[in-house]
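Take a look at these structures.
In what comes next, chain A is part of two complexes: it sits with chain B in the first one and with chain C in the second one.
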Partner chain A sequence: MVDTGFDAGFFVRWMVAAAGLVEQEAGRLTELDSAIGDADHGTNMQRGFAAVVKTLESEPPATPGAVLVTAGRQLISTVGGASGPLYGTLLRRAGKSLGEASEVTVAELQAGLRAGVESVRELGGAAPGDKTMVDALLPGVEALGTSLDAAAGAAEEGALATVPMRAQKGRASYLGERSIGHQDPGATSSALLFAALAEVAR
Partner chain B sequence: MSGEDRVVGVVLVSHSKAVAEAVAELAVGLTGDGPKVPVAAAGGTPDGGLGTSAELIASAAREVDRGAGVALLVDLGSAVLTVKALIAEGDELPADARLVDAPFVEGAVAAVVSASAGANLAAVVATAEEAYGYRKR
Partner chain C sequence: MRMLINVAETVVADALRGMAAAHPELVVDVANRVIVRRDAPVAGKVALLSGGGSGHEPLHGGFVGPGMLDAACPGEVFTSPVPDQMVRAATAVDAGRGVLFVVKNYTGDVLNFRMAAELAEDEGVQVASVLVDDDVAVRDSTFTAGRRGTGATLFVEKIAGAAAEEGMPLERVEAVARKVVASSRSFGVALSACSTPAKGSPTFDLPPGELELGVGIHGEPGRERRAMMTSHEIADFAVDAILEDLRPRLPVLVLVNGMGATPLLELYGFGAEVHRVLDERGVSVARTLVGNYVTSLDMAGCSVTLCQVDEELLRLWDAPVATAGLRWGR
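Let's look at the complex of A and B:
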């Protein structure tokens, strides 16, 4: 499967699977966010991805890049929290870097997501170790070079690794030491994105 | 005003509808007799909750756009990130939309007062950003 490219249909299925996992894990995301944030991450992400699915299914874009750009725009418009512009920027930037190609390889997807993560870091100013979504996204993107399953595993490990970190960005950073010992909600939902990708490729 | 009547518009983006509207009222209330400055509050989510709405921000920016540019002041977190993402998007906001790097209340007053004195967008932004320079102790 690595030799064949992924088409727009695959990317739509990826977003639908991500929406499914977000739906399934919404309670846990909100619970994690109630420990160090404002207890809305699950509901925000649910609203955002539901809007993404609705748009993609009513007007399926023709290319993988267009799927991600459309999904990113929807997230920016509908999420209502910082994760909206952050995830929106991730997908939109990745989508733009995929260009007009009707099929993309894993390597192209990796390059696109790498550019997306770079934009997320510019937007939010987060560095690795700051206890943010970047801590799951970076290892996930790097492990795409091995396999999609490896990427899902690496992103999940990255999310777990945020537990002992002290938050340096966003509302959680105001808690100082008290942010230590909790898994970051954004890193957790970022890992779901990679889990969904591995799921649809199986 | 270099021979024209166009005034810079100001959008106030807060997580709270009440905060955005109150700061708008304060800033307009402190304006002198200059031309009326279009000011719009984009506070909270469309259902009245706390948060940031890209749609409210975009419609507020269109509402205050008189062709002289729009200055957007924001409170924190997702308000900052949403405006940055919208500006990067390129077509959601008026062409001359600028995120102002200023404290919310002080920056809003500085922006509205300077706009009412006929300042252009660059001058409105600069005046609002100078608000960081006023130390309180």
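Let's look at the complex of A and C:
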């Protein structure tokens, strides 16, 4: 794998691509959420990422880290629910760990996202297997070491693997056994982040 | 599903404009989604702030006013509000004696209020938080999200609101609120699912002739589905589920709450059954409130909340309150 650097423009394109995928998949996210949650995940993520794109395009930050911090802050301010703080923390923490560098390598991005996922786990208290976004984020981040396409595939597989899990966190946990057999909406939207990353790198 | 709306995207803003028009005693900031009592900050008084997803009206905006909340932050339908709203509201109502956040125990509300508390403290506002988790339908464990906050929220906001109105300091108001939480339990039943404006159709399928036992207030399905039961049988089931968890030694406040689409005629009939079971189980009733207070959009069904009260809590419950959704004693 060629470890070329990614600049702020790349990171903006990543967030724009993520917003596009969220928009495209919003109906499906809401449908998944209606089975084991409250039928609004697609709508909430759409609102949040639309705000992210608007901010990034009107005032493009100078560094990759600043792009992620700005995106995270926007998600916290606009999404609400559990997804706002969790996605916001993921991106803010990852952005902070990238520091002031004007270009970052895949290895640095992986380290940043690893720190972000760690913060998500601290905030939400979720462990792997709890049927949450962590189940897509963790395999996605680990597979970044192989390639961006591998990360997208691993995150997608991680989201699919939530189907037989019994939810232990978030609103789906109130269903107990009845949460089994449904794909987790948060893991599904998390996989979109990695799909968008692979898409802009192609 | 036919709804009395313009478009789904503006339902919350439209309702807030309506609240502003109907209640000049409130300051309704439609753009920033904050409802504040017009005389806030009230000198010498601890302020009470709550919030949560929309779709539970009159909770929380309908409980802003003398004797109850100082401010409420409505989120999108069934979605926690964001920290920005809470910080704005906290700084608007803080009279220098601190602000108590009343938070229903849902992951989203907990995370957003936690972030807001940190930000508000950065701005010099002293914040205490109380978590409401009264729903016995959720089997609690340290590995899960814990019990949901439902009907007891009304008891907490009313009783802690009265404590603040009496001039109690923040620690005392917080202690009163915690005592109400510890003394309250709820159980809910759905006779139909609700439809969110964004989705436009029921959030779960409930075949005719069946009901969901142990539902929350966000259109999420319950723990168990059974063939339709009578009001008598539902009251037995709901009250016994509560008494299994909380065995009151003192008289109780009873909230017979409608989920939004069940007529008062049915709710009062159900209230009679609730009183019958409590009498059979040897629990004495201090006060009863029947109506639609903690709703779930257009869901049909009801919940029962019991709160055992000592003399102080009962006095605070009886104290005057003047809000859009709850009003007595003035």
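Operating definition for what follows: the second predicted complex is superposed on the first by the 201 of 202 C-alpha atoms of A that agree within 3 Å, B and C clash if a C-alpha of one lies under 4 Å from a C-alpha of the other, contacts with A are read in each partner's own complex, and residues count from 1 in each chain.
Criterion: a contact is a pair of C-beta atoms (placed from the backbone, for glycine too) under 8 Å apart; a residue touches a chain by one contact, two chains touch by 3 or more.
Just so it is clear, the model here is predicted, and its values are computed rather than measured.
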item	value
Superposed partners chain B and chain C on chain A - clash or fit	clash
Chain B versus chain C as contact partner of A:L123, first or second or both or neither	both
Chain B versus chain C as contact partner of A:S97, first or second or both or neither	neither
Which of chain B and chain C A:Q168 touches, first, second, both or neither	second
Partner chain(s) touched by A:R73 [first = chain B, second = chain C, both, neither]	first
Chain A: partner with more touched residues, chain B or chain C	C
First (chain B), second (chain C), both or neither touched by A:T55	neither
Which superposed partner A:T188 touches (first chain B, second chain C, both, neither)	neither
Contacts of A:G84 with chain B and chain C, given as first, second, both or neither	both
Touching both chain C and chain B, counted on chain A across the two superposed complexes	38, 40, 44, 76-78, 80-86, 123-124, 170-171
Contact footprint of chain A on chain B as seen in their complex	45, 49-55, 77-78, 81-82, 84-86, 88-89
Chain C residues touching chain A - in the complex, by the definition given at the top	53, 75-84, 106-108, 111-112, 115, 137-139, 143-145, 148, 196, 198-199, 203-204, 216, 218-221, 223
Chain A residues within the chain C interface of the complex	30, 34-40, 43-44, 47, 76-86, 123-124, 168-171, 173-176, 178
Complex contacts: residues of chain A adjacent to chain B	38, 40, 44, 73, 76-78, 80-86, 88-89, 92, 123-124, 170-171
